[in-house]
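Here the chain labels run A, B, C and D in written order, and each chain numbers its own residues starting at 1.
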Amino acid sequence: MPYEIGDKFKDECGVFGVFLNEPEDETDAASTAFYGLYALQHRGQESAGIAVSNGHKINLHKGMGLVTDVIKPDIIKQLKGNIAVAHVRYSTTGESGIVNAQPMVFHYLQGMLGIAHNGNLTNTIELRKQLATYGSVFQTTTDTELVANLLARYSQDKLEDGLTKCMIDLKGAFALIIITEDRMVGVRDQMGIRPLCLGDYEGSYVLASESAALDTIGAKFIRDMKPGEIVIIDKNGLKSSQVVNSPRCAHCVFEYIYFARPDSTLDGINVYQARRELGKQLARECNIDADMVISVPDSGTAAALGYGEESGLPFQDGLMKNRYVGRTFIQPTQSMRELSVRLKLNAVGKIVSGKKLIMVDDSIVRGTTSKQIVQMLRDAGAKEVHMAVSSPPTSYPCYYGIDTSRREELIASKLGVEEIRQFIGADSLNYLSREGMFKALGGNSEKYCDACFSGFYPVGVES
Amino acid sequence: MPYEIGDKFKDECGVFGVFLNEPEDETDAASTAFYGLYALQHRGQESAGIAVSNGHKINLHKGMGLVTDVIKPDIIKQLKGNIAVAHVRYSTTGESGIVNAQPMVFHYLQGMLGIAHNGNLTNTIELRKQLATYGSVFQTTTDTELVANLLARYSQDKLEDGLTKCMIDLKGAFALIIITEDRMVGVRDQMGIRPLCLGDYEGSYVLASESAALDTIGAKFIRDMKPGEIVIIDKNGLKSSQVVNSPRCAHCVFEYIYFARPDSTLDGINVYQARRELGKQLARECNIDADMVISVPDSGTAAALGYGEESGLPFQDGLMKNRYVGRTFIQPTQSMRELSVRLKLNAVGKIVSGKKLIMVDDSIVRGTTSKQIVQMLRDAGAKEVHMAVSSPPTSYPCYYGIDTSRREELIASKLGVEEIRQFIGADSLNYLSREGMFKALGGNSEKYCDACFSGFYPVGVES
Amino acid sequence: MPYEIGDKFKDECGVFGVFLNEPEDETDAASTAFYGLYALQHRGQESAGIAVSNGHKINLHKGMGLVTDVIKPDIIKQLKGNIAVAHVRYSTTGESGIVNAQPMVFHYLQGMLGIAHNGNLTNTIELRKQLATYGSVFQTTTDTELVANLLARYSQDKLEDGLTKCMIDLKGAFALIIITEDRMVGVRDQMGIRPLCLGDYEGSYVLASESAALDTIGAKFIRDMKPGEIVIIDKNGLKSSQVVNSPRCAHCVFEYIYFARPDSTLDGINVYQARRELGKQLARECNIDADMVISVPDSGTAAALGYGEESGLPFQDGLMKNRYVGRTFIQPTQSMRELSVRLKLNAVGKIVSGKKLIMVDDSIVRGTTSKQIVQMLRDAGAKEVHMAVSSPPTSYPCYYGIDTSRREELIASKLGVEEIRQFIGADSLNYLSREGMFKALGGNSEKYCDACFSGFYPVGVES
Amino acid sequence: MPYEIGDKFKDECGVFGVFLNEPEDETDAASTAFYGLYALQHRGQESAGIAVSNGHKINLHKGMGLVTDVIKPDIIKQLKGNIAVAHVRYSTTGESGIVNAQPMVFHYLQGMLGIAHNGNLTNTIELRKQLATYGSVFQTTTDTELVANLLARYSQDKLEDGLTKCMIDLKGAFALIIITEDRMVGVRDQMGIRPLCLGDYEGSYVLASESAALDTIGAKFIRDMKPGEIVIIDKNGLKSSQVVNSPRCAHCVFEYIYFARPDSTLDGINVYQARRELGKQLARECNIDADMVISVPDSGTAAALGYGEESGLPFQDGLMKNRYVGRTFIQPTQSMRELSVRLKLNAVGKIVSGKKLIMVDDSIVRGTTSKQIVQMLRDAGAKEVHMAVSSPPTSYPCYYGIDTSRREELIASKLGVEEIRQFIGADSLNYLSREGMFKALGGNSEKYCDACFSGFYPVGVES
């Protein structure tokens, strides 16, 4: 994520779909999808793509890079039709590269399919083997292609029935948007791990990973899709089926802590307010004597403001971010060791010098960046640097669509809190408790997947 | 074809494969494939690609553009392994664009497949429908993907048996090179419509569309693959099976007339010598009074030299070609109508002024370019311009892998020879006779497919 | 400025220079200049360049685009030497395009010159005419080329003397860094309109438009250059001359309000603290009844935090910024009018709904963006929207290096405050008073140029 | 020169200018210049550019690469006006890179100048020093910028008078096209070393390095410019002045042997016919017993055809050229030594096997390529390979605008003919005699510069 300070969990994917009833212009679906996708850019910067159906055929354009690099105006002009599905990707499974970019378009017995997927299936080895035995070939390592082959296997059934059978076969986290020549389908896994919501765009339906994408195009939020729900939208309107029922749901708690846009509301909770509450709860648990609260921008700012509010300490911009951080860098020479953080952040001496600081961040992955920031603050004259983290230690990998890197890279999987404090060189280090986290999120720990903190995986994982 | 004067049949595809027994360097297979492909550039300028197996996995790189644009040195470095298959493409079936570029790589029950194909299947609609009924999905409109799905359908069989079954199912023209993790396979259709030959590269096997590719890498020509033959090459050597037998073969006659490199020898006949013979035969049939023979460079030059030799008339470079013809042009303004030919060719007044010319070309497609050249020669002072064509009138479309455009664009499908002469404005127009053409090619018309001239299609075509 | 919400004054230029006494590596000067320039990216995104002297020759690389796009690692490798000057540009005078990019390198009687310039000369017509009369030719419309020709005119003198004569000839705003084969020169105009400071980088000297560039490379701030000062740095150290004396200085007040990085300290005042003070003063002057303070991110945030602090109202992120705003956009369709602001900002309904808001921004240029934001907040349910601007109305163009567009585009040059309020649709509109602005900046209005607010131009302008 | 077999003298530059009296469309001058330049592409492939005057201002576009890469249709649209000057460049003096690309545009006392130059001045050190003493600065190392500064020095004079003074100051080879806001000027050095001709384009004047450029745009050849002539074209027509007179002229003989397009006629002699005559004369001098004549394509072909005609031996295409030779290559692995020639050429075994060959080429520079070709022919079965060169040994460097590399790289400067024969491995080696060369070119050796063969330099060179 180019514009974020390093050492963060990498993003996953974002999906967006639109079914226009009466487009004014034949490229309206494509341009609506472009703007929706643009609003989801934070969910994946590796590749982008849009597939559009004109009633007879699905046309596709995708490429490596940011949405505005890939989907140029002259591309939009060629994507005519009233149904569109779009995708931004950060590779979580499958290899990187254009071959795995989404959406993907397939011809099968009943016509064409355009599929965009966010999440990660946990029984792919088994499913791919099964399908290959019947003669399927795979050109990629994506879950999307697997879903298409599975659906084609049931192609003698009606689409609704095929989708129902698929949902029973698929394990793991998935938020899918599928278009055919004349329909748009939304599918959410039975625990609702990854988000997907439904909106009303001037009388037409849209689907999006986050509600902020609805705001961007000027659509109204209708509701979140339910775990285990399939919606099929065609010219006659929307038909919903509750295909599988699960005793509990398991919304990803990290969407609130870091991934989602602060202006999105997911499954009833506004992300910015959740972060502010996490910061307030953190203040209640910490109780540290300091002169001011500062944040590691931008991801720690909402929690830092909450911390300030609850503790009564002033919030100050002690760390300034260079807003032009690009994606390619020259390797610093030996005399510029640890320069990379300074290129992105600057500690403002006039603010922090001689002060006792509480520095709030949303999480710690490897700890190396935190260590450099603490040192930079000390170099700028800070008297004390207390680090406060608005989530518990991240000790376990995610198998549901987030790139947590390998477990051995997570500092909290190897070291205790005091050891981490020593490593990053802070005067104190406080993580939010699991109880505190759930309290800030409304109190019901049963609603969430927090496997990265607890190691409790709500859906079984292939070993 | 950027470096050829317009109004030509478009090229088709070129394939190249190599199985190195003991590579000195782990990128030798990829770089050999690069050089082989480079030698086949004239067979397709739309896209290029190389797939390489390292014994465990097949890695692929492909892209739009010329071989040297797509396969850069840093790409080669990443393509490690001892077995490679490569492809250049000019789309004949399927849509243009990267999604249809080759080779394609597939995972199936038995592992991986890398496939490159030259030709055109004539029963794809039936085969695709059949495969879809069993659950196959297609991501492209290429024959290559169809071949992979068909092979996967037989994946419970041994590869040899699966290939044999495929060859029985597939109708039309196909020269296929397939690699698996540890083998290279060559397949040629039962009539041998498209060329494919086998070479010895320092003790290892190579396969190529044309023998010139063997020369370029310094390999020795072993033999042409036989119609209906499958060869499987692995670390134990080469195994050949003659799977289907056909009462006749049907080598594409246009390979000799225009497509193939003059320095290639296909199915026993050297292309340059064939063209020179076509020119000689043309001279025997024409018997025109003139001062000199000129050619439309470069495709007409070999025949023009042959014409000159047989007729005793001097050959002169009356038309000069601009060797830097690029691929993108500004639309000429109104005052520069018909400029496009002048950008590529120039009539040399000092040579042609006041002379009676015989202008030799290999074929006429739409006739518009010939018309402009004749006018340009007259403007330069030519007294008479007699056009002589070293093949018969092309009146019928090709269904075996050559882009002849639609039938209505072929001037000879609508107009008689005298009408064509009037259209192009020549003083006389002579085509080579079918009999003369076969005589120049060794006398046996039964060996060749000349459907584009005769309308007689050796393999049935889906209607 | 891609990452800022539209309708802002455009930036100007940034300059950076380094003279390394004993570089460890021969590309250290170039890479130091790269990092320094990177820290000044906000001052110009149109072009970037670095010129490096190796003692004998000055080599140059420049191009259109951001620093990281233009100065790639392989470029740095070729820029060997111990003296470097670098430049980022947003065109203020002269035409856009590579021909006007800086630094520029010149051969003259005494050897070579590399020049980077920030500012705008106000007597160029006269100077260019004078020089042309003596035989000078100009290849660009930049001030930089004019400075080089003027210096060459005095090339029979010693460099110090030539520079002194130049400074007497040049009128307007200029912060110049010049390198020769073996020296680095810094020059600041006699009123100190544009900033330029001196730093100590591990015992070597650096020059930069802003102190944040010193922090980024790890250099220590020594002092700001004095108005009318020339410093010449060579292997024997630094020599300063106070060439011209002015009864007053005239530091650009807009550097504090909007242009400079918040973490820079210019002529003794930290920019972030200045903005916070401007916000506090604004609160004192406004006295509006509201539920919360929000800012137009990012430029209004420091002032908004100051406003909140002074007024006791809570600061909230009612407007969220999409951090991925790129530089090229598809034109929205008719049904998406005024979408462009929504692509960059989103009003968070959960925060602003039903609330009385004070929205703080640093300035208003044309007013169109403010109008759209106010409407967006009302659409999100805001009960009242009061706009507060942390500077006076901008009614006059700048002639000293800032692109204020033409005067007729400045809304405050045509409309009174109440009319502007009506145009933007706010419930109230308050600008900071001139007196309040100077109070927040330390009280001495004599130190600053505030011509864009007052119309009082400290240096005469060619008519 | 990408499409030519390596080891050739590098090209120089090409210039083209047009003054349209009554353009139909305001981009006609630019598009005419584009087509004219395109026809001169063989004279320089490094950079291309066009400058156009609209009567008030000269606009310029230039860039690195081929004409069609640099001058795209959307560029033409922006180049409005009726006077254009264009340039293709292969750097001979000055450094490579965009900074030295031409045309160059200058502002001077009387307005603007657009200048394109082909050739090389031989007194630049002296002139630059003189100009610098008076205050000139130089941004490049090109002759073009020097010419502009010299002209500006005389800017108090009328243009005609300034040009006359310039011509007296300038030494060496130069063919210049200069445009002002309302005039086009052509200048040719006093010995006429580099070519420049005048044409009539539908009643308007054009200037071009070669007549083939006139043919391409459909203009009529009027005459070659005379050595020492200046022509000034404005709305009142053409005015010629014979400024300097020289006792002799000195047309570059290598233009006929290799550089110019075969379809150009320079100073009264058609290049193709000259090459054919050189080949005939070579046959008369050689008298070798052989089976056939072959050429090293494409540069040796005209001479080879002449050789065949004179000797009565048949001409055959024994060496085939790959028409797709691109500009970037992977370095061949060790096992592919000397592959580079095979990528470009292929010896056709069916033609050369068992035969005694005469291989004709236009010149030998380093000899390495000839050596590889001879070996390739032997590998293909040739019985004897006799090399015949249609020019004398090139033993001396050129100082008049051709990149002959350094003298020590010229094999003929170090070795005698028999030693060269041994190096290249031919059965015999014959060069054309100087006398024979002049005989083929019309007999008058006084008309030509043949310094590269004789070491006799017609104009003094700065030491």
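Here is the rule we go by: contacts are C-beta pairs under 8 Å (C-beta built on N, C-alpha and C of every residue); 3 or more make two chains touch, one makes a residue touch a chain.
Here the structure is a predicted model, which means the values were calculated and not measured.
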| query | Suppose you hop from chain B to any chain it touches, then on again the same way; how many hops at least until you reach chain C? | reply | 2
| Most distant chain from chain B, judged by the mean position of its C-alpha atoms | C
| Taking each chain's centre as the mean position of its Cα atoms, how many Å separate chain A from chain C? | 36
| task | Could you please state the distance in Å, as a whole number, between where the Cα atoms of chain A are centred and where those of chain D are centred? | result | 60
| query | Cα centroid separation between chain A and chain B, in whole Å? | reply | 49
| query | Residues of chain B touching 2+ other chains? | reply | none
| task | Assign the assembly's chain-to-chain touch graph to one of these shapes: line, ring, star, complete, other. | result | ring
| task | Determine which chains touch and list them pairwise. | result | A-B, A-C, B-D, C-D
| message | Taking the touch rule as given, give the residues of chain D at its contact with chain C in the complex, in rising order. | response | 60, 98-99, 104-109, 113, 128, 131-139, 141, 145, 148-149, 152-153, 155
| field | For the chain A and chain C complex, residues of the former touching the latter | value | 3-4, 24-25, 27-28, 31, 34-35, 38-39, 41-42, 45, 66-69, 71-73, 76, 202, 212, 215-218, 261-263, 265, 270, 272-273, 298, 301-302, 305, 309, 314-315, 317, 320, 322-324, 326-336, 339, 342-343, 346-348, 350-351
